[in-house]
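Before I ask anything, let me first share the structure, which is written out below as structure tokens.
Should a chain be cited, it is by its letter among A, B, C and D, assigned in written order, with residues numbered from 1 in that chain.
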Amino acid sequence: MHFAYTPTTQDNIRHLTAFMEEHVYPLEAEYRAFTQANPWQVFPPMEGLKERAKAAGLWNLFLPEEYGELSPGLTNLEYAPLAEIMGRVLWASEIFNCNAPDTGNMEVLAKYGTSDQQRDWLLPLLDGQIRSAFLMTEPAVASSDATNITTRIERDGDDYVINGHKWWSTGAMHPDCKLYIVMGKTDPEAQRHVQQSMILVPADTPGVDIVRPLQAFGTVDSPHGHAEIKLTDVRVPAGNLLLGEGRGFEIAQGRLGPGRIHHCMRLIGTAQRSLELLCKRVGERTAFGRELSKFSSIRQEVARCRCEIEQARLLTLSAADRIDRQGIKAAKDLVAMIKIVCPTMACTVIDRAIQAHGGLGVSSDLPLAEYYVYARSIRLADGPDEVHMYQLGRNTISAYGSLREPAETSPLSPGEGPGERQKGNE
Amino acid sequence: MHFAYTPTTQDNIRHLTAFMEEHVYPLEAEYRAFTQANPWQVFPPMEGLKERAKAAGLWNLFLPEEYGELSPGLTNLEYAPLAEIMGRVLWASEIFNCNAPDTGNMEVLAKYGTSDQQRDWLLPLLDGQIRSAFLMTEPAVASSDATNITTRIERDGDDYVINGHKWWSTGAMHPDCKLYIVMGKTDPEAQRHVQQSMILVPADTPGVDIVRPLQAFGTVDSPHGHAEIKLTDVRVPAGNLLLGEGRGFEIAQGRLGPGRIHHCMRLIGTAQRSLELLCKRVGERTAFGRELSKFSSIRQEVARCRCEIEQARLLTLSAADRIDRQGIKAAKDLVAMIKIVCPTMACTVIDRAIQAHGGLGVSSDLPLAEYYVYARSIRLADGPDEVHMYQLGRNTISAYGSLREPAETSPLSPGEGPGERQKGNE
Amino acid sequence: MHFAYTPTTQDNIRHLTAFMEEHVYPLEAEYRAFTQANPWQVFPPMEGLKERAKAAGLWNLFLPEEYGELSPGLTNLEYAPLAEIMGRVLWASEIFNCNAPDTGNMEVLAKYGTSDQQRDWLLPLLDGQIRSAFLMTEPAVASSDATNITTRIERDGDDYVINGHKWWSTGAMHPDCKLYIVMGKTDPEAQRHVQQSMILVPADTPGVDIVRPLQAFGTVDSPHGHAEIKLTDVRVPAGNLLLGEGRGFEIAQGRLGPGRIHHCMRLIGTAQRSLELLCKRVGERTAFGRELSKFSSIRQEVARCRCEIEQARLLTLSAADRIDRQGIKAAKDLVAMIKIVCPTMACTVIDRAIQAHGGLGVSSDLPLAEYYVYARSIRLADGPDEVHMYQLGRNTISAYGSLREPAETSPLSPGEGPGERQKGNE
Amino acid sequence: MHFAYTPTTQDNIRHLTAFMEEHVYPLEAEYRAFTQANPWQVFPPMEGLKERAKAAGLWNLFLPEEYGELSPGLTNLEYAPLAEIMGRVLWASEIFNCNAPDTGNMEVLAKYGTSDQQRDWLLPLLDGQIRSAFLMTEPAVASSDATNITTRIERDGDDYVINGHKWWSTGAMHPDCKLYIVMGKTDPEAQRHVQQSMILVPADTPGVDIVRPLQAFGTVDSPHGHAEIKLTDVRVPAGNLLLGEGRGFEIAQGRLGPGRIHHCMRLIGTAQRSLELLCKRVGERTAFGRELSKFSSIRQEVARCRCEIEQARLLTLSAADRIDRQGIKAAKDLVAMIKIVCPTMACTVIDRAIQAHGGLGVSSDLPLAEYYVYARSIRLADGPDEVHMYQLGRNTISAYGSLREPAETSPLSPGEGPGERQKGNE
């Protein structure tokens, strides 16, 4: 057990931070102004930034080392602190080709795609030429319970025909979005977890109807957006199916582990920067004759922020380490824990920073309000908090409730949590 | 960075757990019954347990490795998970000679004691022959601000004469308590942090008056107790002074780092066991036609407990690691953080476990109510939460508030927190 | 709608307050010392205080006006602020014959007792000659769900024979406790809510075995205590049954409304006094060069306490008013609300006051720690929070969920809450 | 003391509710679509709705009865439940000419305006012909501390010349906004609370520069908006000054009492409707095989919402009653309490409703996200929470800290709070 970043990671942190300071932070105001004035257009400097990032070797950093030469070779634990730094500017991850949902989609294609699928979609994605979306959530049902999904994927000769109604399809509004990965049911009568399949749908397939961009707290999140999409008799070749019929649930599970590490580290980045903004602000303002930084209530809030951020960071790093060392299945409780902890932690920290800034805090002159909307939305995305608590609670009760107390001292300790025993040490 | 315990630590955990299961848990009910019926008497099996612990090599585990042959050689990080296990039974630490305040007193004597002081007091303490107390808190002032302390230590010829009024002197009621380390002022006119000194006072010195055992929530915590003590013209030889006049504050600071690790890990032990009891209970009871374990609200509480415990554990382990690698000064913010986080976390977790047990939860048939009283008291001991938040808030604002934003990405990350830069890697 | 106490109530408040100041507060320290030194003995001045209270017309104030000449004629709304004042000293209610569980027992006897039952038990209780207990909770089951109760009351000729195991029978340890009202099942096969009956059991009946006094957080709460009691073939005449077989649940429901008003107002009294102690304390202590009262964090805590207390007080008074005007059934949601709100509110406020007092706060030199134990225990007594939230949540969902939104503007407004329509004004 | 609405108020509630159901709720979707597509334009049906409201006698209901024939004659307590109902649709208050900041501005003009000022501005405002704004907050300072205000109002011959920089001037973007009431300093050297004055500035005065509409969480709140405004050598006749030089602070204080009642009741309306939406939703969705309404965690959230809403409602009604009976000064602590309690309560309740709706909750298909932005912003408007807690804490400590404990039983009870004694009953 050791709690310091390795020298290599420290180098990577410095390198990425220098890039952010030189190329990204200085463009923040311009980005805000541009996207507000020009919805659904790509920020003009973006392509240049991507080229710079590639040149600097800061490209596709998220892609797990197991994908050999496609991957720059970072472990989840090594990538995590870099995701934190990217998260400090909400639109920065794309510069490094590290933004959701493309990252998850690329992982899926790298892991489960046929060579044709990889040639057609993975390579352009890895190169940043195109973008993609993931069509999972449905307006009509509680789709975090995958058995509720109503979208149908039906075999018809050499094709599959898809009918369904999706929304909150992040990234689908982007002008470069060319590919959807769609979750639907191939066999609604099958066993609970083998009803679902995933299939590749080119964005320009007939029958795809983008109903509208959705707003989160009034914000459309241009240029990526969150789309409501109707799929009516959308026909694609049978070869577009991923992995096989009935394996959609299995793919979804494998996809979510690292993706949650990324989301959580980005959220930690927003929280960390919010704390820094808060600290700056309270040194600049005076009320009732004293600098805000000297009020004990302000200091308590700062102290709480710091404790909460550091705890969430350690938890997320430990989940990344678990995935690296023991695999996603062994890490499932830890991954649930970070999904429960980090979005709410970020909401709390950001909210305190907003409050200390007064009207400036909710305005678009600072990133705080956007951060809040992002963090609040993540409490719902990829399964709401309640789903994760329900399952983590069940796993935990099952692990301890059946133990002869106190036969086990502390199975929750790093290294051997309940539910993680099925897989031995490597 | 690596989040699994080393094989050696895993062995130690197994060894200590086996001892607890064989020798300690089976005696819990007997201990409760005995101490209630026989206040201020030592639990008869205690001496035998101590001999067994010595024989098993589970003795003085807390003593940092830097004390050479006195120490069994564990780092703070290696000792921490053992303190967690001991914490599961509130009276167990003494079996391993690892209980507060003796541990802190032994550290002080090992670090600052003269050879005479060590011979007279450290050796019998290390051997478990005697016990000791630490007389710091005063009823008349906010003594967590050391400049408020009113106890006087005045030189008079070859002696020091001590006058003061102390309370919450933990352990001073124990029949084997032979030594007090007393904090007082030798020079109230000196600079803020060099007014204080510490001095050794044998318990049987004339002028020592144990006024009464104090109650915390109605419990006297026999046989150690928390004493109110008046010191009236208590005269001890000048050689009893520790380290030198004006160095009391310095000693106090050095004493508190590892001590807080211990307290926090023990609290994590109480929280962990409370969670396990909670999980067991909800599998055994039924209300409104369903097993409690199936209620989503119960599962949420279990999930929250698990998230909170694991985060506090990682934070505390990281603080231990920081002390080991960079020293107490470099770890001061992390040590403040665990002192802020762990007692409140434990109170929350224990409280949820109490609630799930109904009347049984507050009774003395389970350790939960005692746990709560202990955890709640630690929110006040060694400085109330507010003092730590005040200082951590100040340090954090100072570190970030003066930074050109965003010149620093994340100085709070493990490895380089604010306030910890004055000291390089070792 | 009007939010000021009537002149009559203001007079009563002044009268009771004057009594407390003259006769009760001055004895607090003596009471604490006596009960600690003399467990299970009655505080010697108690009988004199009761005589004084009778003479002052401050006797049986709780007894609802509908009991005619037995009652001093106060409505629940008029009695509530007096219960708050009595609650400021935990042992004070008995002085005015207004303490639980005697109050509930007297109400039950007044409402449902036969003239024989009233002569034998109600009159001596109303006169303060004897005390009583209510035997409901059982160690083996979740007895807040009355269908879980296992105690049997079986008819045998002219008698009933009772077998069961009860605990947390408050008041049963008091030397003057002569009567138990026992809840048990006469017909376990009947419909869910008519299985239970209540029966009068004289404390000296053969087969009654007081196993032990229970401790709440280590405190026995002498001289009333909380008893664990075994009932083995306890035989009483059939005439001891209250109201009739199968009506135990009905009696329990009627009993609980006013009783919860009393508990909640007493808790508000403890919270209010805790806030006053907190305000006093922070004006007396200095840390880091400033009076505690000037720290913004302290002021925030004081402000929060005041907001929380006042809200809970208004809610409880509104519940009392609803009972008075529309009956217990119409007030059931409001009564659930105060049971959910007040104990937790009191715990929070008392806890803040403890924290501001440091070690003094948890000690027995102030009433704060006792207050906390009382308030914490009430979160479990008469049904844990969770039971009330479960039912209130169900009622609320049922009321709104089936409404054509927004057909009703605000059915929760005072005057017409959901679930309260079945009963018109009386 | 009496907790039911009077028959007259119940009639008014029914009348207004019927109007909302017939004319307002059916237009909600159309309003959302129109304002998104047509920023800074007035919703076409608005003028017709206003005529209907006038015809229905639902006009200027907020104006306190003391303004004689200008007022429809409702007390604050009578108006409060109507404000709650209007608050259920964020844009509804304007229909009844009851929206901020016009209400506060009209009160100021009615109370302090000269007959010329009333003729020119009050009458058109009361008639709904024009709208107005209140220019108080400044970007450069913590303007909730009025002594920090930097805007200058300088006498120059028969005119005043105004220079300053304001923002968050709600309503100033509205095409019909014709009048600003500007807070600035006439004498920065005067005593703390007589430096400020208020002055009437017609919106078309040269030197007025509307810099931009501000966004709160990305929303511009069209058509009223929140403007950033620069005032450069803005010259108005001396007769535009309100009440007299140095009386700005005094006017501000008088303005804020009823205004806070309105804001808080509207927030309670948003919370109440959020709870109703939540209850509906959980009856319509199923996850893991059960209807959401049957999950105990959902029921707990519903129960908590109901408790929190009802407490906040009673507190706000009691503050309105206090203003009516004893005046604003006597009600100042209660007014601080509702400002502390209600916005946070609303945020909490709305947030729970959002969570239960999943993606729909943050979208613009429901009013929840808008509600949240409104409630969150009110935590900052009219002084952030912290300012109110600071002052309420000080008042409370001062009231209790100096009392001989326990000389006063419960001065916080309705009828006689601390700080409210200086003023007798009226």
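Here is the rule we go by: a contact is a pair of C-beta atoms (placed from the backbone, for glycine too) under 8 Å apart; a residue touches a chain by one contact, two chains touch by 3 or more.
Just so we're clear, the structure is a prediction, and the values are computed from it rather than from any experiment.
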Pair of chains joined by more contacts [C-beta pairs], A-D or B-D = A-D
Inquiry  = For chain A versus chain D, what separation do you get between their C-alpha means, in angstrom?
reply    = 38
Ask   = When the C-alpha atoms of chain B and chain D are each averaged to a single point, how far apart are the two points in Å?
value = 51
Where chain A touches two or more other chains, by residue = 296-300, 386, 390
Query = How would one label the connectivity among the chains shown: line, ring, star, complete, or other?
reply = complete
Note = Per the touch rule above, chain D residues touching chain C in the complex are 1-6, 9-10, 13, 16-17, 20-21, 25, 77, 81, 84-85, 88, 269, 272-273, 275-277, 279-280, 282-283, 293, 296, 298-307, 309-315, 317-318, 321-322, 325, 333-334, 336-337, 340-341, 386, 388-390, 392-394, 396-397, 399-403, 405-410, 412-415
Query = For the complex, which residues does chain B have touching chain D?
reply = 295-300
Task = Within their complex, state which residues of chain B touch chain C.
result = 137, 139, 141-142, 144-145, 148, 167-168, 214-219, 285-288, 292, 297, 354-355, 358-364, 369-370, 372-373, 376-377, 379-380, 384-387, 389-390
